[in-house]
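All remarks here apply to the structure that follows.
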Amino acid sequence: MTHKIAILGASGYTGAELIRLIATHPSMEITALSADRKAGMQMGDVFPHLRHLSLPKLVKIDEIDFTHVDLVFCALPHATSQAVIKKLPSKIKVVDLSADFRLRDLAEYEKWYGKPHSAPELQGEAVYGLTEFYRDDISAARLVAGTGCNAATGQFALRPLIAAGIIDLDEIIIDLKTGVSGAGRSLKENLLHAELSEGAHAYAVGGAHRHLAEFDQEFSAVAGRPVKVQFTPHLLPANRGIVATVYVKGDPKVIHKTLADAYKNEPFIVMLPFGEHPSTRHVRGSNFCHVGVVGDRIAGRTIVIAALDNLTKGSSGQALQNANLMLGEDETAGLMLAPVFP
Amino acid sequence: MTHKIAILGASGYTGAELIRLIATHPSMEITALSADRKAGMQMGDVFPHLRHLSLPKLVKIDEIDFTHVDLVFCALPHATSQAVIKKLPSKIKVVDLSADFRLRDLAEYEKWYGKPHSAPELQGEAVYGLTEFYRDDISAARLVAGTGCNAATGQFALRPLIAAGIIDLDEIIIDLKTGVSGAGRSLKENLLHAELSEGAHAYAVGGAHRHLAEFDQEFSAVAGRPVKVQFTPHLLPANRGIVATVYVKGDPKVIHKTLADAYKNEPFIVMLPFGEHPSTRHVRGSNFCHVGVVGDRIAGRTIVIAALDNLTKGSSGQALQNANLMLGEDETAGLMLAPVFP
Amino acid sequence: MTHKIAILGASGYTGAELIRLIATHPSMEITALSADRKAGMQMGDVFPHLRHLSLPKLVKIDEIDFTHVDLVFCALPHATSQAVIKKLPSKIKVVDLSADFRLRDLAEYEKWYGKPHSAPELQGEAVYGLTEFYRDDISAARLVAGTGCNAATGQFALRPLIAAGIIDLDEIIIDLKTGVSGAGRSLKENLLHAELSEGAHAYAVGGAHRHLAEFDQEFSAVAGRPVKVQFTPHLLPANRGIVATVYVKGDPKVIHKTLADAYKNEPFIVMLPFGEHPSTRHVRGSNFCHVGVVGDRIAGRTIVIAALDNLTKGSSGQALQNANLMLGEDETAGLMLAPVFP
Amino acid sequence: MTHKIAILGASGYTGAELIRLIATHPSMEITALSADRKAGMQMGDVFPHLRHLSLPKLVKIDEIDFTHVDLVFCALPHATSQAVIKKLPSKIKVVDLSADFRLRDLAEYEKWYGKPHSAPELQGEAVYGLTEFYRDDISAARLVAGTGCNAATGQFALRPLIAAGIIDLDEIIIDLKTGVSGAGRSLKENLLHAELSEGAHAYAVGGAHRHLAEFDQEFSAVAGRPVKVQFTPHLLPANRGIVATVYVKGDPKVIHKTLADAYKNEPFIVMLPFGEHPSTRHVRGSNFCHVGVVGDRIAGRTIVIAALDNLTKGSSGQALQNANLMLGEDETAGLMLAPVFP
């Protein structure tokens, strides 16, 4: 059986990445693509790397006939996403890649995103889309909220440790380095090649990054008490890839074993041998997340490092993994592509 | 039916790329991997991006039992390749990725590669591996010689034009720009990041590049008379990708139509609309080659531009495409992966 | 004696580059900086790499008191430049970095830039700013028109050859590769890091690039008859640097000797030994232009390759070199900085 | 008066950087350059970006006549450096860029560098070359030991804070990102462009990096008690630049004021306004170090970020700054070059 898929907001990087992945999916067919400003264009003109595919023309959302659509990927900006999703026929399954349905506490949403939530009734049914930890809920969900790409990376390093109660919850630092595609295809001076290549810098330092809202929500829920981490993202001169260097207090061997046990049956989480650590280059273009653990020379301190591709495992690959579950397909369908190196 | 595959020289970039592609191939199984200096290691230690795969351990060639091997990919350096292939059981099909069997004239081989050919008897049965132009011969071959990556790019731009007799054969210039992975994983000062990033330079200028031997052989064969082109490769600060800007004398519209007709049924050659031209970014990680044609402001002059990924369509993807034909499989099996962008 | 300098349009890359160079100039003092949209800001906030300098605040042009200004660098967009310069006090010397005064034929200006020239009376006194070939005129000029960066590179490779009559004037091809800073700090999708890194593509193919107007004007003037070249620029994943690979018909040794003789006393043109050729990396951040000559394997064909930094020798360095002449200073003052490598 | 300078080990990146800086120094003349394997070559052939300079030919160290040499920059590998420096005439001043004389405790040297020190008598007179903190000693020294580039960056962020006793000495984490030129021009697989571009990874995780020996020595000396920090370096796809993100416990405003006071008269340390933080791009090619301070959302936690160019302020620029002091010149001579951006 082939599932009919619509992608809303197909002219951004996450939309294009969804199409790349679905192109070799055995049981999905893309039947509609929307892009507001680029409506009327062919996808191959907006993203020439997809020229070889036969794809529907880009249209405005209003022009889509949703009658036979089984699942919608919504790759629109936050705030827009809410407004669009609440108008969709309620029988359609939805995977939202925006931030709109990630935060269960509506006050937190308003605090971090600067305006009230406009679809609070939908928030109630939304499931947080970190597949490895919400698998059953996602399988049964109608609406799944894709996680932040940085939030996913940090959680893969930390959730099992917090759950196991083996690290100091008040002393967690996530120093994260990310490629630039996470910022999307937007026209901003700080995303120009001339402003980014051959260097690095931190941004949103000191607790200003919105993905902290996800860390706060998820880590506190896992711990059963409030947990606040420090989080400093840095921008790399690279398009894809996130590496999170996480500093914790706890025994390195216990930490490694806890993570290895937690992930031993996960198809996409690759646990490295103790003492080894990952590189963004080795997950690029794939849905894999590599996790490594190293003990510090100071006893009782451990460094956990996780790496994934922000557009794949951090966003569109995760979305497809969730869609597979929601549609009753093999969770890994269309997602076993090996990373592209070099 | 599953074909049993061995890859010799698996510790280089083309070996790794073969494994990446075969990882999702429906009817191939890798049963042996060789790597001389890295024998005894796991592939995931040599190339951590392949860590998620179950692969045979790297061994020396002598340790491989070829009894049940159906096809060998030989990704060894030239000269070594000859010596190894002539010792293989004669029933095994071979796709060689080195330069050893590309040149039908043994004197040309000696001239360009600096030593006599050591397996002249095998040269006689080798088929030149440019799939789109040698498809029938490849399907029937036991030994196929993969082309040079630059040689493939230039030929996709030019062969149909030379065959059709619509361009001046004495006035062809190929100005080519290539990523660095074509030079392999070798330890050379000029391949260091610090020597390459943020700049560009020509190399092998004036007729010194060995892929000229392939241009000479193939273009002369197609034309039925000697053809010598000018060819200047340049090194880009990029890992994958070749773009060849080809200057010819001939009518641009006729040239575009001739190429479009030649490639209209080709699954991997994407002909762009007249006046458009390709980018290496839009073929990265894929087996596609994009070809564009633009007329110059000077009447009777045309620029043909072709772009492909040197490791995929220019090398390992081409090799797999040929292997599919040799094994009676669908030519596109394992090769329809969309390019990775951005 | 210290010359008082104003820079109009200081918030772009060429403006910042002028400040970088003037920072160590022995006899220039920057007394005014304009930037329309960023008026009121400190230069160190617009360009943090200049934070260590004491510089005037950015203001609107109308706010500048030009009474004591000796020379103005005008780094404004074309069309705007004309309008501004014609309002400046006529005693002030002006180096214009835009395209507005490069073309002596006003009809050519209108053809290439799409609107009539608004300061035709000034065009009459403007001197084309390719220092090495207009040195005397520049020394005496009030208004000097900086050249296009690509136009400068191509001319360094070709002017002495055209003047000497030793190459075929109807068979010149300039295949040029340029870094992205030449496009300025403008918000365009095709200048984003994610759209540019790790690849290359041609643009303005077939005779569409405006710098062709300069090639046409200058080469025809040197030859004494119309000369039209082919010119294909390519965009590199690099910020600075242009390398022009120029294909000509003529004797390589004669060509090398002609260029070497032409440049033997030039402080900024470095002629490489016969058979060697340059890299953009070896001129980065400097006012030097490296020129090399290689003979092709086809007799009578020669490749001339020139490399320079588009922001320095191709733009702001050239502008300062011209300003030095106009002010009676040593032509090399502030410009002998060695290239930055790696 | 012109000082006669010899550079030993001139064929590496730090040697080339010294020449770049000295090229515009008002009172230094390079009279000898050594390079063991490249003896007999011209510097312009080893580093074509220096082609425009008249420089002595590369020779072996034994061939240098040190009679009239005033100061030697020793840019040799560690261990080699000791052996060479102890043979130099004792009247010659020496700035060593290797690790050989950085550690006052010879046992620490042996522990971190794996072999006994071979010139212990010289270690006694060596001064640690962090100019801003050892200025008087350096002015009087015959032998100055250049610091590690990472060690310098971390110390600029931390020394005044440790001296002032305003941060928790047991809770310091330095998460550092560095360009690749710090590893030199050595032929290692992990320095190839194809292994580095478009990604990032940590290395020497958990306390394995040799620059920790300098942190231990210096911070403990400043604090008057043992101080051990955590330090994780990461490799960036960039040639130049280090940014250190330092996590401390202490009041952010007090920390900012302490650093601002400490550096208010320093010509090369640029303190950013509270809440701002630096980028490697804004110091590239210069001797400046930018330092910023941001308070975390968790009270009592502060992030200090320092950025510098590893080849300039982190190595050759620091060396020249020290040499200026040792020779009685203005400390900033030859070093006021503005950063190169973009």
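Order as written gives the chain letters A, B, C and D; numbering starts at 1 within each chain.
Methods note: a contact is a pair of C-beta atoms (placed from the backbone, for glycine too) under 8 Å apart; a residue touches a chain by one contact, two chains touch by 3 or more.
As the structure is a prediction and not an experimental result, all values here were calculated from the model.
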item: Comparison of A-D and B-D (more C-beta pairs in contact); value: A-D
item: Duplicate of the A-B contact set - from A-C, C-D or B-C, the pair where over half of the pairs recur; value: C-D
item: Euclidean distance of C-alpha centroids - chain C vs chain D, Å; value: 36
item: Averaged-CA centre spacing for the pair chain D and chain A, given as whole angstrom; value: 39
item: Whole-Å separation of chain centres (CA-atom averages), chain B against chain D; value: 45
item: Residues within chain C bordering two or more other chains; value: 13, 181, 194-195, 197-198, 237-240, 278-279, 281, 284, 342
item: Chain B-facing residues of chain C, complex; value: 173, 175, 177, 179, 194-195, 197-202, 205-208, 212, 228, 230, 232, 234, 236-241, 243, 245, 247, 275, 277-281, 284, 294-298, 301, 303, 305, 307, 342
item: Interfacial residue positions of chain C with respect to chain D in the complex; value: 13, 16, 19-20, 23-24, 47-53, 181, 197-198, 239-240, 270, 272, 278-279, 281-286, 288, 290, 336-342
item: For the chain B and chain D complex, residues of the former touching the latter; value: 13, 180-181, 185, 187-189, 191-198, 237-239
